[in-house]
């Protein structure tokens, strides 16, 4: 199952800086672990925004939900999920190749 | 340069069916040619819609514009372009690997 | 996989009445066949609108897309898909019981 | 009377964690009690969001309002209600079977 | 059951004038019949628009749906329905008095 | 002059409970006084929301503005006003009968 | 009674040019007659758009509605009406002086 | 140069009451001074809202910007500016007469 | 006076191709004449869209309106105008240098 | 690469005034340095708003992102980026001349 996820991050300005840095480091480590496992197949920064567009390749919407809920920065995110499927013009099998 | 492109296609219902099939065939051929050249790096169908989400890797916004304008179905599309850049959590160099 | 689908139908007023009735009859027959198969688990009318809210239980987003594309009234619909998952407060396993 | 209810929950980040857990436990208990009574016939999680889509089967809009107001998490919710009715393509009597 | 209904009418400019006048006359007759029966308890014109705000007092959302679908001008309307209930500050029983 | 008023109330969660109850009691008393005077001719609860839809029958927009500003809960409201007039299908003179 | 009216005009491109010119001439004549009578107290062009912002000073919302409905270009307009009242900072009595 | 300005005021509820009254008094004094100078040619209250619609007659967009920035309540306002010009149906020269 | 203008062009697909090419050629010639005169100081294509963002330096909003109305493609455009002024961080006098 | 950037600044009212002035001075200094380097080719104030419209000429979306993130006021901004390209009607090469 492929999902397109738009994450907009908005961390309150008065949050402790050290705490925020810790959260970001944990977020990055978890994101990279999930990328290496092939669950989080792409992550791009939207130019000019503290936001990303990501592609997930998971077994179910439930697995996607659990992954997103486990992100250290989730409490500061607005998340939009779009279900994707294979496009008949695509030259690759997106569920396998990334 | 990476761009996220959302294309929504709306072909008038009274257009000649044969003509539409020809346009779709040409669109698919051109899309696949651009995918093989590494310009159109991803194309996914949005579930339930005659729409796709695509990623382009081009030299400039001008090249992206020319590619989109050359699509046989462009006159029937609503297109939204978002400029992307490398995310510091990404484990790959998106401009090279896809 | 559970999906929430909102379908808004807008049939042009000048379409041939007999043709429209045929489309509606085919739509109803296909919908009921899919309901009996357990693919289209719920369909409700939105009061006052030519629109419905439906729940689908399918193997993948691709299967959902193919089903929606096969609907006789699809060319006249605006469709929005939302991916659902099990709620921790639910007293039933929604993917099995309906 | 069938109603489609969209609940979006937004609990302030600085609320006492223990208090929040208590509220969630009470919410879950009340939700399950209402589900068993046949008032709250479905509840699904929207993938990636702290939000749900629910179906209620109640005697009146007033009863629905009272139920929603009694939810422990109501003060943190944005709620949208849509009145539903039987769809002529449905193979079951939705007001009875769920 | 009380419902707030917003109807926006948009009749194509090239429709036959006599036909339109017939539709309007039938619409008015049916509306007044429903008002006298106590089903359509209020109808107000929105200043400056070919639109009205109405209150219906019906047995169910299904009855409301059937009434709206039977309106001669329904094919030219955009309709939004909002479920109402008794307000605790109201000095009358809205479901009885109008 | 008839006006349709949509009031959405959003009282901050950290406001003193006793103070809020006092405000609500005053709001109810004033609302009922205005209803009895024939100024505030209808008030309905929107199902599932801390919001109401009201009809006012006043001498001018200025009188409406002064009434709304005098409401104890006004500082917590978002208010939208729509000017109404007699509908040619209405069976009653709305400015007189309610 | 003062009303702020936003009129957006959208005349179909295939309408007969002579007919359109006649409509515009009639619209202008009626507008100026209403301005001289003090009913249509202001009319401004929105820069770059075929739209205007106007102020009306009428006896009731009903009178405003009748005036707007009588405009030759009304069938091609989208109209939004906002009820105004005297501002406590205003140095003039807007209902009298213009 | 004529500009249409929509000002929506939202003063935080916990601001010191005396301070707010001082700001409002200064705002009113400055507004009336600008009205007398012919810079702020109209100000109307939007019925039911803490908002106004104003017309300014200034030498340039820069002068308008400086005036708005000098308003004591500006920090609490959302402001939208629309450039106006003479309407060919207007019976007066709006830049001179008000 | 500086204005930011967003022009979105939507030419009907069934318009005569030769006529459209003539309009585009006239549009280009007029645009370039206005650029050379210093009235239309910038024009950029929005990547992926038949739309542009332009900056005009004109004597008044009226002059801007007349220029826009004279564009051969104006009947097919949606236009949004935003009034600009000198930014205190700018290193040049925008009304003179371009 | 040319980008159109809309920056809306919203500094919390309770932030220390001296600190805000320091931020603004640093913002201005950095903006002017980038303007002199030819990276930030235009900056205009939107009349009536604490917002600007800017044009950047940078090597990549990544460079634009880094510049925006380095702005002292970035934490208080809402930023929207639009990719631009040469317009075929433009009389200059926008990537070179400004």
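A few comments on the model shown:
Chains: A, B, C, D, E, F, G, H, I and J, in written order; residue numbering restarts at 1 for each.
Rule of thumb we're sticking to: contacts are C-beta pairs under 8 Å (C-beta built on N, C-alpha and C of every residue); 3 or more make two chains touch, one makes a residue touch a chain.
For clarity, every value in this text was computed on a predicted model and none was experimentally measured.
By number of C-beta pairs in contact, A-B leads when C-E and A-B are compared.
Averaging Cα coordinates per chain places subunit E and subunit J 51 Å apart. One simple way to say how far apart two chains are is to compare their mean CA positions; for subunit G and subunit I this gives 28 Å. Per-chain Cα centroids separate subunit C from subunit I by 45 Å. Contact of a single residue of subunit H with at least two other chains is seen at positions 2-3, 45-48, 61-62, 64-65, 81, 83-86. Chains touching one another, given as pairs, are A-B, A-C, A-D, A-J, B-C, B-I, B-J, C-D, C-E, D-E, D-F, E-F, E-G, F-G, F-H, G-H, G-I, H-I, H-J, I-J.
Residue ranges of subunit D in contact with subunit C, taken from their complex: 2, 4, 27-28, 31-32, 35-36, 42-48, 52-53, 55, 82-92, 94. Touching subunit C in their complex are the following residues of subunit A: 1-3, 60-62, 64-65, 81, 83-86. Taken in their complex, subunit A has these residues touching subunit J: 13, 45-49. Contact residues of subunit H toward subunit J in the complex are 3, 5, 12, 61-62, 64-65, 68, 75, 79-81.
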